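Presented sequentially are two complexes of subunit A, the first with subunit B as partner and the second with subunit C.
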Partner chain A sequence: MIRSTVTRQLVRTVALRQCRYAPVVLRTACVSPNVHNHRFYATKIQPKLTSENYPSVKRNPNYKQLSSEDLNFFKSILTENEILQASESEDLAFYNEDWMRKYKGQSKIVLKPKSVEKIAKIVKYCNEQKLAVVPQGGNTGLVGGSVPVFDEIILSVANLNQIRHFDPVSGILKCDAGVILENADNFLAEHGYIFPLDLGAKGSCHVGGVVATNAGGLRLLRYGSLHGSVLGLEVVMPNGDIVNSMDALRKDNTGYDLKQLFIGSEGTIGIITGVSIMTPTRPKAFNVSFLAVESYEAVQQVFVKAKKDLSEILSAFEFMDSNSQELTKQHLPDSPHPFEDKYPFYVLIETSGANKEHDDAKLEAFLESAMEEELVVDGVVAQDETELKNLWQWREMIPESSQAGGGVYKYDVSLPLKDLYSLVEAANTKLAEAGLVGEAPKPVIQAIGYGHVGDGNLHLNVAVREYSKDVEKALEPFVYEFVSSKHGSISAEHGLGFQKKNYIGYSKNAEEVKLIKDLRTHYDPNAILNPYKYV
Partner chain B sequence: MIRSTVTRQLVRTVALRQCRYAPVVLRTACVSPNVHNHRFYATKIQPKLTSENYPSVKRNPNYKQLSSEDLNFFKSILTENEILQASESEDLAFYNEDWMRKYKGQSKIVLKPKSVEKIAKIVKYCNEQKLAVVPQGGNTGLVGGSVPVFDEIILSVANLNQIRHFDPVSGILKCDAGVILENADNFLAEHGYIFPLDLGAKGSCHVGGVVATNAGGLRLLRYGSLHGSVLGLEVVMPNGDIVNSMDALRKDNTGYDLKQLFIGSEGTIGIITGVSIMTPTRPKAFNVSFLAVESYEAVQQVFVKAKKDLSEILSAFEFMDSNSQELTKQHLPDSPHPFEDKYPFYVLIETSGANKEHDDAKLEAFLESAMEEELVVDGVVAQDETELKNLWQWREMIPESSQAGGGVYKYDVSLPLKDLYSLVEAANTKLAEAGLVGEAPKPVIQAIGYGHVGDGNLHLNVAVREYSKDVEKALEPFVYEFVSSKHGSISAEHGLGFQKKNYIGYSKNAEEVKLIKDLRTHYDPNAILNPYKYV
Partner chain C sequence: MASKQLRILVPVKRVIDYQIRPRVNKLGTAIETTGVKFSINPFDDIAVEEAVRIREKNKSLVESIHAVSIGPSKAQDILRNCLAKGADTSTLIDSKDARIEPLAVAKVLKEVVEKQNANLVIMGKQAIDDDCNNTGQMLAGMLKWPQATNAAKVEFLESGRVEVTREVDGGEEVISASLPLVITTDLRLNIPRYVGLQNLMKAKKKPMEKLALKDFSDVDFEPRLKVNSIEEPQPRAPGVKVNSVDELIEKLKDAKVI
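Coming up: the complex of A and B.
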């Protein structure tokens, strides 16, 4: 059905060629737990060791160095293929390096236990021996949280990868932490349900990892945060105790909701080994519309209108600035952009629901009215699955496009909606004033802005030809100060990790930081879990 | 529009007379903060003192008794109308008694500060002086959590009752803890938004109170729990510190999500004084359908089908057993029930959405198909607002009807869906075997079951002519043991309070209980907040 009659000449149907779709697929194909030497990275630039890049961060001498006795203990618990050791030909790069290639640790050992009990024994031992441990899931994080800084033991949950139980009446899924997100979602699809979270790294990231980092992603607008959908967890505490709330049902008001502390704790006070989560019914119909708007003010107005008119079927509301699309066009020279002309801002709206005809009608009415009100100046609506994916790629390929020139400084912040885009403008001004932007050999290609407007979440990406201290100094703490002045968050969804450890004070007040540090010490007095990070 | 053509002769339109609608309205009219001597109670039976009813619970001698010096301190901070003192003519019953009239404390003083700073000073003082404090909101709780057990100082947030800020673009509402839920919802309605929680006591309960008790209610199926929708809190800690995260946006991944600890903490580790919450767009259309089904098995099948067919517009799925309707019919002799015949189970389905025509069409198709599949044997659909309210009353009047005969033992539990109704059957068997059920003078009128099937939440109400130890002994710990054997929760939404303090072990394992007790002591080492309760 072509809806040009309704949305008139302004809405053209797209007929893009079949194109490379989304980094997800590429990464899924390349990142398999068994092919760890052939990982797909964000950049070809070889990472430096974190210890060399950040000489002010020192190894804590209180941590024991791995000894042959320790190794013997691990061998007494684990089988041969549950232990990986560094050797002359194997530096364990897959586990030591992050996906961005900004951080590289020097761990000599990776433990991949096949049971929760084994993990508990290992953690108990490490706690007693004061051996530092970095818990690791799919290692797709963006803030250096999942790789060692020095020689921490890497404890991977990749071998805990089973669906434990699914109840098709309630929609409650129970699974191991190491189940790959896409596998969980595919499993749910067979039963008519959907994982309430989706993100670019779904082909590699783990269910446990997204919970440990409180990942946000593309479905948060519709299904809310993991704090609402996770029902129970199985967690190995720093002392080796296993805390299990996997039987929890949707409602349980008996005592503090302890599991909440682990959601977003980034492996600092416990290692998540199992997840129980409420999953919604999978929508039967999807629509995607790509719109051009003249100002950021209009982006906000379109958002309010979409919430009002599309209401319960609105499942994504993403915005992109002009520069983000120019960069992506350069990266995808064979794919025609939905619009021939350039516009200051673009909006991608996804709807999903139980009845395609109803959703079509709502979207048509919304677009017609938005154009009559002159909020939207041009727009296309996907007519089939291929077009839908093609439209999404102009949002999903931005991260890859922004680092294709060499590297990227990524800032993932929350800001009050009215102030959201002003950070991008301020960053561009700041970088220009410092004389860092322009043709090579200037380090900065461009600062671009895009993100989940629906959640007040901006991604500021500074595309660079190479990582440089000058650029870093121009941006930090400038970006954090800007966010703090608007009462925003310096990490909307990526977490703190190593990158933002020293900047939490820009988001949280002194009293909150004190309570957070205090809780960490309370649960992990020997500080063995994920040291040098978080807070 | 009469939809009998679609749902055929089985679906009749209802034409009930205008009737008393919902206990809410009665309570709203009677419970005003300024008319505290004219409160509407669940029963006319005068409550006994909790200390007399539970002689095994002793006053903790570590707590200081209120002295004239303490009173002078309070008077130095508060104005005359922020302090209420017991006198010969005033026993402060409004604040000492719970709404159920099962618990009655003996506090001699109620403090109602008009600022957060005053609350902080009072709590700091009480902590230093070891004066026990019970924080109080609308005092509509059902487990004796909001009234003193002995002589605790009652600290009411009723005078903190202002809307602080609302952002019509993001839908973020910031308000004082003492704002009455219905007032908050009415305010939001003016802006096209809705409070993501609704419950029978909305005319009296406070926004802060529903957060402190993690109330569930009627909209949870659609909008999820408060753990997902609350964005930030302002809390006075037991030492008097004010922790403020009111500026938090929808996404913030910088540190442990501390506010989660206070959601459902029932005033044990802090007093909530401000709430920031994400509110959804208010639906424009509502439909209600009341269905008759032949078995509990069919109730579950109808639920799965409703999730699939109604999906994003499903906003309530309530079930009621035959006995609950018989009891309500007796209580509402002037209101004709939607069905002339008796059926084993009834289901109330509410849909809400942005487009009435679409919702009507989805509901029609669902009902037609459910009848064809013989899952539903009879049904009515409300044709206007009055009929909609009339249908809801057959669900909402159950609590009042079940205590109209004298009193009621209320159990609010979560169970795996397949086991949900078996508890009602087991309780009836147990009471019958003990010879407690029948005509007067037998104490028990009937045990009935109803609740939020969509959330796995059963309300088991044992309607009695009077409260008796025999009935209590037959039911407890029997009910809790049953729930525990099915890995359910002994409190789905009502909380622990005084009533369930000793039963948390039936819902939580030893490790969890230890962590909960440990956190309470960590934050409130002098145990001044809401003692004798929770855990």
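Coming up: the complex of A and C.
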């Protein structure tokens, strides 16, 4: 996640300085630094083992322990480069720990097959031997879904990283699951197309991973959910079958729409190895405006107005509360904030379209009347690409800033728009009553709220100095009960994973949960895929 | 000092946004400009910011800030932003799509300086499209004014002189000069502000004079340089992974770097 934010955080002077003597054609070569192959963590906290943190979760004794025979089998299929083993000097932390460093498994082995057939053979073997497996993509998940809980074998699709086919007429992209989202998007950009999904972790997360977790992100408002844009999948089932629907068409009404089962399956019932996805044409003109508003009421009014006045060119509508910006200011001391004064709420609006003049005129008219109607107190508009990136950074750097003080409890919920922000207020009250908020040594720094207003999606982040049971007890199940009472969803886009396994009941009724469990048992009777999670 | 009022002229240029990768057209004769985002030259943006900051620091010092641009009619967008950031008045000299070399630009600016009765010119040290870095110097020469190029810091002294810290190889050089003066800006001078909505709306009411090249009949706009061709740089060869230190040394020897 941080990799891409580093790339984005192009501080004007530094980037320009690199280019000061470069001739015109070289100029841009030096402003797109690709920071790769190095892992940054959100926090310096050393994670405790998940098994120690959650003693009530016990290793299922039905699963076999990894033996030397198993190892020999894997070695018979995979080359040396495709197997990573734990040793005294190497604890495989990169694969065992999640990005937030909240969870840590104890897997002794990582398999990184280079072909789908090899994956099928491995999964079939594990199923027969009752070896538990955790499928892993970019490992950027936020609910502990992509790391082992105990000693599960980590099956990474990182080596499946090829673009398979792109049709420049229809815009259908077919690629391996392990293609990094940003690489897929850069590939599409060359052809004038855009990946219909964008999120902060794009420099690390995989196409297969975002499908498996049904990630939402910043472009959902414009391009809709993956349930609509994914056309087909290639999936390895627990019995080793490879189910291939990669040749699927835009319209195909024959039988059950099976791919939908795997979108958001979070590595249960099958491992996604290939994705076929419909991509829209890339907008030529982007505009970003950052606005200050007085109340959450006003945020909603600006949203309604933006939908009406900007209609088809509106591509993002993000809101942020005052505290989220204060935390981010501390984290980015060298970047000037768009406003000198503090305001209760901020809104970031992005428009994208095919005609710059048309978009400019629309946005200008919208902003003018929003100011006249006094919905907006103050605002800035990006005048060049640098400012555009810098304005986005005040939204995109919030997650990182919120954990810079130690750690963060993240709740990603869907709520009816009118109740969206009340959860942040309620959480702050609850934490204050419990006496947990304040200067060190109080554990909680602040609860902040931001999110995708367009999608009714709130991110409640509780920034903490350290992870503690007291904070967790104050927040859970309080947050889930609150969301349930407003008929919202306890997981809008992050999924269930390990964190929310026990809370699905707040969003799904008993019959729905039973159906999910039945399906899981049916396709994965030995429960080898991603155990201890989901439901 | 307070008695001496500053009339600042800030020349600005509309260039391809520096974040955009410029592409050579199919004929190899020019950079592709259709459908490409244009913005103010970043060095000029710093110049505008500096002019505004000088006024904010000492209100009685600055009488006027005038922004001028030579370019297509769309250059009025960047002039509008200059007005929103704090310039009082502006002039657009419409050059259509003509390519104008620094000497001609300097001659035009000299006339503008005289017309505006400016006594301080703050401009970018270079434009990022042609990277010429000579308009400021030529302008100072023709006006017979002192020049302080590559400024990283500008200070107005009690004595009425201006002290400018310049970026030079291996460090800084501090010079002082009297007005009138031409200052060209370097990157470290300041970080430009965002354009506020309120100011952007107010800027619409600020004056923008529109002239054409023919209004400068004494200036010869004919380019003296001929562009033979424009080429993309050779793409860099992809890197290779080596498996051992020995292999690395081998490769470095092959490349004759050790």
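Rule of thumb we're sticking to: the second predicted complex is superposed on the first by the 497 of 535 C-alpha atoms of A that agree within 3 Å, B and C clash if a C-alpha of one lies under 4 Å from a C-alpha of the other, contacts with A are read in each partner's own complex, and residues count from 1 in each chain.
Heads up, the rule we're going with is that contacts are C-beta pairs under 8 Å (C-beta built on N, C-alpha and C of every residue); 3 or more make two chains touch, one makes a residue touch a chain.
Worth saying up front: this structure is predicted, and the values here are computed from it rather than measured.
J.: In this superposed model, does subunit C or subunit B come into contact with more residues of subunit A?
T.: Counted on subunit A, the partner with more touching residues turns out to be B.
J.: Would you check which partner chain A:E69 touches, where first means subunit B only, second means subunit C only, and both and neither mean what they say?
T.: After superposition on chain A, A:E69 lies in contact with neither partner.
J.: What is the contact status of A:V381 with respect to subunit B (first) and subunit C (second): first, second, both, or neither?
T.: Touch status of A:V381: second partner only.
J.: Counting only touches as set out at the top, which of subunit B and subunit C does A:P336 meet: first, second, both, neither?
T.: A:P336 sits against subunit C, while subunit B stays out of touch.
J.: Have a look at where A:S489 lands relative to subunit B and subunit C in the superposition and call it first, second, both or neither.
T.: In the superposition, A:S489 touches subunit B alone.
J.: Who does A:K308 touch here: subunit B (first), subunit C (second), both, or neither?
T.: first
J.: Give me the intersection of subunit A's contacts with subunit B and its contacts with subunit C, in residue numbers.
T.: 284
J.: Which residues of subunit B touch subunit A in their complex?
T.: Subunit B residues touching subunit A: 167-171, 192, 213-214, 216, 220, 224-225, 227-229, 241-245, 247-258, 260-261, 263-265, 269, 281, 283-284, 300, 303-304, 307-313, 352-355, 358, 361-362, 414-418, 452, 455-457, 487-496, 500, 504, 507-509, 511-513, 515-516, 519-520, 522, 534-535.
J.: Touching residues of subunit C toward subunit A in the complex: what are they?
T.: 17-22, 24, 31, 35, 37, 39-40, 42, 45, 81, 128-131, 187-188, 191-198, 200-201, 230-233
J.: Which residues of subunit A touch subunit C once you look at their complex with the stated criterion?
T.: Residues 10, 12-13, 16-17, 19-20, 23-29, 31, 284-285, 289-291, 336, 338, 356, 367-368, 371, 376, 378-387, 389, 391.
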